[in-house]
Every structure is written in C-alpha cells, then in structure tokens.
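Input: a single structure, listed below in structure tokens.
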Amino acid sequence: MRRPIKIIPRPIEAEARKAQPPDLSPEFREPPVDAPLRFDDVEEQVSLINMALGSPSDLAVRRMSDGVVCLFLSPLVDQGAVRHSLVEPLSRAGWLELQEKSQAARVLPVAGLSEARSLEAAVDRVAEGETALIVHGRPTPYTLDLKGRVARQVSPPISEPSVRGPRDSFTENLSDNLALVRQRIRSRDLRVRELTVGLDTRTRVAVCYLEGRSSPEVVDAAIQRLSAVTAPAVIDSSYLVPYLSKRTWSLFPPAAATERADRACAAIVQGRIVVICDNSPFALVMPIHLATLFQANEDHYNLAIHSFLLRSVRVIGWLAATLAPALYIGIASFNPGILPAHAVMTIASARQGVPYPPVIEVLIMDIALEMLAEATVRLPTYVGGAATVVGGLILGTAAAQAKLVSNVMIIVVALTAIGSFSIPDYQNQLSWRTVRYLFTFSAATLGIFGVSTAGLIILTHTCSIDVLGDSFMSPIAPWRWTSMAKDVPMRVPEPLAVKLTQRQREEEAEGTADA
Amino acid sequence: MRCACRTAAALVLLLLAAPTSGCWDALDIDRRAFIAVMGLDSDVSEEGSRPRVSVMIPAMGMPGEGGAGAGEETSSKVLVVEESGVNVEEAVQRMRSMIGGVIDFSTLQYVVTSKDASPEDLTEALHAIQFTRFIPLTPFVFATEQKAGDLLRAQSPTGRSLIDTLDAIQIQSRLGFGHVQYPGAWETMAMLINKTGDMSLTLVNRTDEGDGLKAVGLAVYDGPKYVGMVVPADALMLHCVARRRYPGGAYLFRGDDRDLLIRIVRARTRVEAGPGDAGVPRFRVSVRMNAALMDSGGYRLPLLNRKKLDELEQVAARDMEDRLGRLLERLKSWNSDAMRLYHEVRVRMPEMSYEDFKEVYPRVEVDFDVSVLLIRTGLLR
Amino acid sequence: MREPYLSWPEAAWLIMQYTVCANYLFMPQLLYSMSGRLSWAIPIVATLPAAAGVWATYYLHTRFPQERLGQFLPRLIGRPLSIVVGGAFILFWLGGAVTNVTVFAHYVSDTAMQSTPVTALVAASALIIVLVSLLGLKTLVRLTDALLYLLAPFLLFALFWPFFGGRIDFSNLAPIRLSDLTADKWRLAGAAAAMYHGYQLVFIAGPALNPPGRGALVAAIAGTLAAVAAFLSFVAMPILAFGWPYANLLTYPAASFLEVVAPRTGLFPIRRFDFALTVLFRNIMIVAAMSYFYSAAQTVSDLVSPSARRIHPWFVIGLGIAMVVSSTAFEGIRTVMQFTGVWVLLGALTTTLTIILAIVARFRASVSGVR
C-alpha cells in the first residue's frame, strides 16, 4: 500500500545534494551548492515526485525559469509539444504569472491543463504520461497532457479479414480507436464514458454506446462492473471479460472481441455497448448472442441472398465441425444401421485393418489437427507454410496408408477442420472446438444417444447464460420473432430491416417484445 | 444460492460420467457381419418341417462391394450361411458359431421365401423378424421357386451385388412388364395378421445359367400357404387391383390385327363392395389407367385425329377386363383373395368375418370396368 | 420470480410438450387396450375434461396470479389439506417424470442399445433433468423454446408426410363400433380426464407469465389444442398404417409407425428412420420430464417453505436420485405399462382436484393472492 506523500521541511543543503536530476538538457542548470535556494518549495516538490517515482532514469526535470520546473517521463511525452507548448511560452513568463489556473491557461497554449488535487495525484499523472508543472507559491503542480504515444498505424484487420468492407482496424491507442468510432458515428447521441482500471497499469477504458438505443440498465451494469475491476493489471481487453460477464468459468464468450471498427460501430448502432481498452486492439461488444457470433460483417455488405447462402454454409460447417467425429463414432461403434447399407459397408471396408477403435482414431486425428492448427499460428510466416504441408501429409495420406486411421476418418477430420475454420468469430470457434470433445466422449460411451445427451447439456448451458441481463440464446430462445426475422436465419435487406427495427422498438416500448 | 446451484450442476455433470462410461454397446463396425438378405426354406422330414434359414453376408474389403477401383476385378464376394433349427431364432443362434463376425441384422434389406416353405414356417419367420430387436420392419419380401439358399449364391457376371440386382429389377419393372413389386415385411405381416386379403409375392429365380436373376411372375398365397403362380402379364393386372394405386408396366394385347404394346404409366383402382344375392358380396372394380402406345413394330397412326387411338383404348380395356376375369377365376380356384376384395367387405359389411368371406369367395361376383386413356408419344407418328 | 418473462406462445408450446412428451411411447398401446380400433376417438373425447381443467386452472391463476400451487394451497384449503392435495400433484408429476424417463430408456434398450443397463440410460436422462431443474425455470423455458426449431419440423413431418407417403389407409379405421369405445368405461373416463394436463404448468409458471391473466388462458387453450392434434396423430397413425389388430401387437406402435413412414427408397440418408427420430423425440421426452420434475420439486419446496426463492440444490439432486432408484423397481416394459395405468388414474385425480379447487376458490372469495 502506498504511503501518502507528506511534505516535510528538510535542510536545503542536504536536499540539494540528494536531488540528482538525470536530465542533461542544456536548459538544466544545477544551482550552485553554496548559493541560497530561493524556491525551496519547488525543489521539495521535485524531490518528492522523483522519490515517489523511484528516481527513474527517464524522468526529465526541466527548470524553465526561476520558480518554474516541469517534470515528465521522457518516453511518454511528445518532445515537440513540450518545446512548443511549454518551453517557448514559459521563456516569456515567470512564476508570478502562473499562480492562478486562468493565468496559466493564458500563458500556456495547452488544452489539457489542469490542477492536480494533491502531490499524490500529480505523481500518478506523471506516471500516466502527463507533464507536471511546479510553480513556486503553489502547493500542488499543474499537469498538462502532452502525451506522445508509441503506436502503430491503422492497418487492415489480421484476425477478421473480409473480401468486402472497410480495411481499417483498431490499434493499441485508445484515442485513435475512439477517432475511428467517431468518424463513423457522428451522432450527438454517441456517448463515451471513460474509466481507469488496473491498480498497476491504470489502463484507460472507454465505454461507447448510443443514448436512447442502448438499454440504460445494460450501460449502468457495465460501468458498475468495470468500476469494480480488482485486477492489478489490465494488459488487454480480455482481462475485463470475467468482470463484465460475472462468469468466471464460461464455455462460450460472453463478449465478442473485434478489431474491426466497422463491426464495433455496427454493434453500437444496434444498441449494444462497446468497451475499448487502451493498449488493446480488440474491442469488446456486449451483450452478445450466440446467433451473432455466427454472423460476419460481410453479411451486411453482400446481397441478402448471398449472405443467406454464406450463413447457411457457416452453420453447416459448424455442425460438421462439432458433430462429425461424434457421429462417426456413434455410427461406427454403436448404431451402424442408421445409415443405408451401402454406406455402412463402405465404412466397414475402410476400417479393415485399422487396429484402433473409432474413438481412438478420432482422438488421434483430432489432437493432430489441433496441434497443426496451433503450430500454424505460432510459427513464423516463413516456416508456417512448410509446417502446414508436413502436417497435411501426416494427417492425410500417410496416416491412412499406414492403417493408423481409415480413409473415412480422413474425410471426417477434413470436414471437421474446414467446418471449424468457417466459424467467423475466433473465440466462438475455440468454444466449439472444445465442445467437440464433449460430443466425442459422449458418443464413445453411449453412441448416438450420447451425442443427443451431450447436445442437450450444451443447449442447457447456453440457455442458462445471461450476459448483462440478456439471454445468450436470444432471439432464438426466448422467442423474439421480429429480431429473428431481421438478422438470424437471413439478413434482410436494409429497408425491410429498418421497418422491422421500428416494429421491434414499438414492441419493446409496449412490453410485448416477447414473441 | 445461485452459485450453489451452479456448483451442484457441475457435480451433477461429473456424476453423469460414472453411470454412462461402460460403453456396453460399443462394437466396432468392422467386427460385425452385416446380413443383407435372409432366406427361408423348410427342411421337411418325418418329424415335421423345420425352418431352414440362410443369410447372405457381403464380404467387406473385396472388390465389387463398396465400389471397385479402376482396373480391379469386378466380382461380388458374398458369404452364404445356412442353418436349420426348431425356429428361426434357433437357426440364427446356430449360425453364430459359423460366422467370423457378430451377426447384425440392422442392414437387412430383403427376405426371400421359397415357395416350398411351409405356411407355419413362413408365418413364424415373419413374426420373428417383426419381433426381433434391431431388425427393421422395412426389409422387402419376395419369393422364389428354387431354394432360397441357392438364390442367395447367385453371382452376376457384371459384378453387381444381389441387392443391386434386386433393386434394379424393381426399379425398371414399370418399364418392363410391371410385375415386380416387393412389399415390405411389415406390409406382408399386416396382411397375414389383419386378414384383409391374401398376399402376393414377386417370384425371382436364378437364371438357368446360374449367372443372374430373373423375375418370373407372382406367387399367390392363401394366408401363409403358397397356392399358385401368375405370369407377368396377369401379375401386372393383379398388382393394379390389389394395390389400388400402381405405377404400371408394359401390357401386350391384340388390336387392329396385330400385337400392340402399351406402357401403363398410372393405374388407379376403386373397389366397391356391397351385399349381393344370398348375402354373397358383390363387387365392382373400376380401374382407370393412363397408358402410352409404343411403336409396336412399325405401327403408324394418323397424326391429326384420335379415332384409331379411341378404338384401341376400347380394345385394350376389354382385353384387360377379360384377363382380370380369368385371373379372378383362377384365384377363386386357389381360394386366394390376392385382389384384396375383403379389404372393402370389412368396411361395407362389417358383420362378415374373413373366414366367412373365404367360404363364399368362390361365389362372389365381380364386375370389372377398365378404362384406358391412351396417348401416342414418339418421334414417328 | 423477479419479473415475468414467459410469453403466452412460449407457455403454449411448453404446455403442449408437457402433455405430448413420451406419451407417444406408451399412450397409444394403453388406449388400444381400452378401446381397440376406436381408441383414436379418445383424444377427441378427452377435450371435454380438458376444457374443464383449463377453466379451473385459469380461474385459480386469476385469483392467485403471483403464487404457485404450493404457495396458495395452504391459504385456500388450510395446511393439512394442502399437503394432501399438493402431495397428489407431486406424486403425479414425479410419476410422470419417472414414467417418461423409464419408458424411453426401455424403448432405447429394446431397439438400439440392448447391452447398456436400463439404469444407465435412465441416469443419463435423469441427470439432465436435474441439471435443468438446478438452473431454474427460466432455463427450462428457454430450452423448450430452443427445441421448437428441432421439434416443430419433425412434428409437422410426422403429421403430414404420411398422407403423401402412401402409407396410410383410412379404411383401417373401419368398422367403427361405438361399443369398442365404451368397452371399459371407467378406464376410458380416467384416461380422458388425465390425457391433457399440460395446463397444470400454469400452477408453476403462472407468476412468470407476461402478460398474466388472459395470457394463461390463451396459452392453456392453444397448448391443449396442439396436444390434441399430436395425440390424435400418434394414436391414429399406427392404426392407419398397420391396420387392426396388427397395430395392437406392437409394443411401441407410434415408434414403429415412424420407422415405416420414411421414404421407401433405400437411398434415403437415414435408414433406420425411427432411430434418428427417436433422438429427436427424446428431446420431447426430456422437456416433458423436466417440466414434470421441476413442477414436483418446486411444489414440494413451496409446501415446505413458501417464501424460499429457489429450490435448494441438494433437494433437487436428492429427488433426482430418487427418480433413478425408483426406475430400477420396474422389471421391463410390462411393469412400466402397469404403472402407467396407475399414473393415468393419478392424472384423473389431479384434474378432478383442480376443478374442485377452483370451485372452492369461487366460494371463498375472501381469499386472494399476493399482489
């Protein structure tokens, strides 16, 4: 626990020897040891701030003029802004003209000029990248926002590519990200509420929503939960998810993480809230529904019928990815009579000579597939291609020819892989890849009956999930026909969607939104 | 409390694993012996008749089954096992010591009964099939004049399996004489138990050369007892009446001083029953057919009017009526209600039981009224 | 319940599932044993007692809109009687859950998984039921909603495809003899009174209805009518397809009907159609069994502690274990069918009690619900 900083009078001489400002800028002038220091309160504050920060080597202390000193952490500050906004104006002003904030505001052409409530607060702000301006006669310094950031340029999204649609994505800079949002939503109803989370990282988090479109209860709940974040460090937006959803053990993502600005803005316009975290290129969209996790943003850029086709393909891929191995086990080990006789004989013939039961076949191939997928992600780009080829060879031809697995199993695993990669949201994809193992083990114990049991368990779990008071399975369950008609099986064309949205709002206002 | 509920729910899920982890029914597919066709004969001895069951098991992993690759020998390999027992179940249990694989009837597609199978054995076999778990209700049933076990060993020189051949025979029956229609086992069973008529089963034999199959007609039954056979042309007409809706087949008749062939594309039959003299039911059987006149050896018709076609319609209809009449007389002599006339009697005259009907069956009067709508299609008029 | 969340269409669907459930597996043969070929008329006759039950339930709901059965019974008829009456409902609902789960387990064991112990199959189903009950009524409602997309196409298929598939023959219903219907009047009356009992769900989910009052009535009527169609189909279709007396020989007529209703061609992707549909039907069964079980558990909890917000989790687990243990008392499907005969009588009793309670409430106008 930090102890509050107290100003304790000390012998000036001893203090002068202790303080060793590291900055070597030519403006710095170390006062002669024997000369009397007229601005001892200034030096005291400098010393205290320096000590509170642990005497960092990158702390710059610049004495602008008599009685005026500024401190900042060099890596976090825009040096050009310091020169232009501090050094030049202060070369024409003294400490007397900086006693009141209004005076200081006239002298310093900086928008982010404020008075620190205490020296403690000033230390925190310096740590966050602001510049402290200590003026003789003032008990606490001014702080100025002259932050410079190490940030990359806006670039195309890496994890959510698309054929049609914008190519910009969020970066690690919160301000840039907010700019991307505000460029798209220029409504006066757009609200951005900022908080600071993380005791150590003091990360800025912005909650964006449209007033009148988002539910006030949802917004308040999100703000409250963010305010209650106890994590010492918030390095990425994913750290906030357990606090926002209040589910520590969740199989399915309670929030959609997106690096696409268009997707985040579309969510805001739909009435959801978007949580953007500094230093994280992934914004969180909440509340999220299972149906939404299968929608890609391109669905709204393509024609409605094309979107329907693509969505259907995704659903088929999802079903194949989740159920194909389990169904193979159920049919090959328990209930072969469910298939036409020719298909049964084909599978039986394919399994001739395979030493392992179907469940072991499935596990071998599934785990190999997972390893290949993981390796492809971890390896550098130059080597990744070769690894994919090797993995494909091993998983494919070699395993079948060696009779480790049957040919049918190769087809099953290929279907599984392609199907799982067709799921748009990465976290959703991971969820269903995990669920697949539950289905596999259930099928291994009770066959098709086990698959059905596992399906019911998963369905029960998803039906029990509430995210910020909204059902995860909505609008599928509970029934929200208007909402479902708008964008679940098919994304209706925009004019019709507008009418349906209008009707949906009327129903919600009347309280008849439930079917 | 909500947290406690979720904890309890998690425990419940873990508990789920315990009673369900036995994998009791797990049996790998390649360790099963799938029965595709089952045959039924009777072993007659001094002690009586015992059912003789034969089963056909396609061999797995052999060319010709599951699709042969290019250049591979196309011959279908099958294993036929025969055994007799006091009943069908016992015969099957005896087989279990002869087959390298766990017998699995879930893929059973056909049941063939020899015409010499005793009524008791046939009845008992059908009951056993319907009773037994894992045997579907839907295998097709047909009959043979030969030993069922021999039929199962028929090999096609083209490499097609027995199942494929049987399927193909039925599929193209409507392009042929239309006399092949396999009822499902459950339909056959319904006929035997409900006693709403008598069954008729397609007769399929091995060819004389032993290299294939041929459908030779229809086996007609009185209850479970085989009583006679009708030729393909009669079989077509019998199907049209018995099944009430039939997809048809080719019919040959004499008209305009020549033999003409028509393809019946649709047949709808309506049977009306009513009390006749002395309580003997009287029937009116109306058959409506749509047919197409085929080329018939260079037979040409005027393109601009239908007069000839209308005449031919009448001739064909009369021919069919005569054939139906003769067929009925034969069926009466066999005491077989293969036309399922009683099916209508039980509705109109519910007081008459099936046994009562069979007693008066030789005396029933039936008016056949056939109408044919004939069209002529082809690139020559 | 904090706020109402159950719309009337959802309630209607839940009421239908509550009724239809696994009854398709045992109700047809039960009715066949009573009324033979004319047993298809019983689902129609049963609409009369159902109408009375619906009215009675609706009336009680309007009098006690925010209370469940276990909460308003003591105030209506006093604590001792409430335990007796509540106990009858509890036994009926718990019996329904046990019956559904056990019948289904026996069916699966008889047709698909002969080596798996029936207890294991029962336990698998029972544990899902317990899981849902632990998660609450809201989860149960949502689960039922989600199953609509799976079950509705199947039910529509099962109801309409047979007409196009050429499998059914309406003449199999003839001859119609009224004496068949009334051969066993008492059993017929019991079955008719017990047949449609889904509206009893309002006793449990009434406070969650949005809007309350008229929504309950509409839901009860719609759900019951939908159940009539389903029941009529399950009872009549086997007779139409298999004829009589063949349909009566089948152990599971409705399930066997589903096997033959599949398209004839061997190219159909699923050969054992009944088995694939059994999996889907299982979902019906599980929803109904959940509803029964939850109703029983909630009522017991309400009778013991009317103000408790949630059912204690260990209590639910205990009831679940009791359900599994009691299923082991059945020796084969025959014992289960004998029990269903008793269960049907319990159902008739609960229907009668519902009507009596409504009459009592009518005359005790001073007793009203907590608002």
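Letters A, B and C name the chains as they come in the text, with residue numbers starting at 1 for each one.
Throughout what follows, a contact is a pair of C-beta atoms (placed from the backbone, for glycine too) under 8 Å apart; a residue touches a chain by one contact, two chains touch by 3 or more.
It should be emphasised that the depicted structure is a prediction, and the values quoted were computed from it without experimental measurement.
Chain centres defined as mean CA positions place C nearest to the mean of all protein CA atoms.
Among the pairs A-B and B-C, the greater number of C-beta contacts is found at B-C. Mean C-alpha position of chain A lies 47 Å from that of chain C.
Centroids built from CA atoms put chain B at 66 Å from chain A. If each chain is reduced to the centroid of its CA atoms, chain B and chain C end up 40 Å from each other. Residue positions of chain B touching 2 or more other chains, listed in rising order: 13, 16, 20, 22, 25, 106-107, 109, 134, 136.
Residue positions of chain A with contacts to 2 or more other chains are 334-335, 337, 341, 446-447, 450, 453, 457.
Across the assembly, chain C contributes residues 112-113, 116, 120, 124, 128, 131, 135-136, 266, 271-272 that each touch 2 or more other chains.
Across the interface of their complex, chain C is touched by residues 334-335, 337-341, 446-453, 456-457, 459-460, 462-464, 471, 473, 476-479, 511, 514-515 of chain A. Those residues of chain B that touch chain A in the complex are listed here as 13, 16, 20-23, 25-30, 32, 34, 36, 58, 60-61, 65-67, 104, 106-107, 109, 134, 136, 163. Residues 110-117, 119-120, 123-124, 127-128, 130-131, 134-136, 166, 171, 174-175, 177, 242-246, 249, 256, 259-260, 262, 266, 271-272, 309-310, 313-314, 316-317, 320 of chain C are the ones that touch chain B when the two sit in their complex. For chain A in complex with chain B, the residues that touch the partner chain are 331-337, 341-342, 344-349, 351-354, 357-358, 442, 444-447, 450, 453, 457. For chain B in complex with chain C, the residues that touch the partner chain are 1-2, 4-9, 11-13, 15-16, 19-20, 22, 24-25, 106-107, 109, 133-134, 136-138, 167, 184, 186, 189-190, 193-194, 196, 245, 343-344, 346-347, 350.
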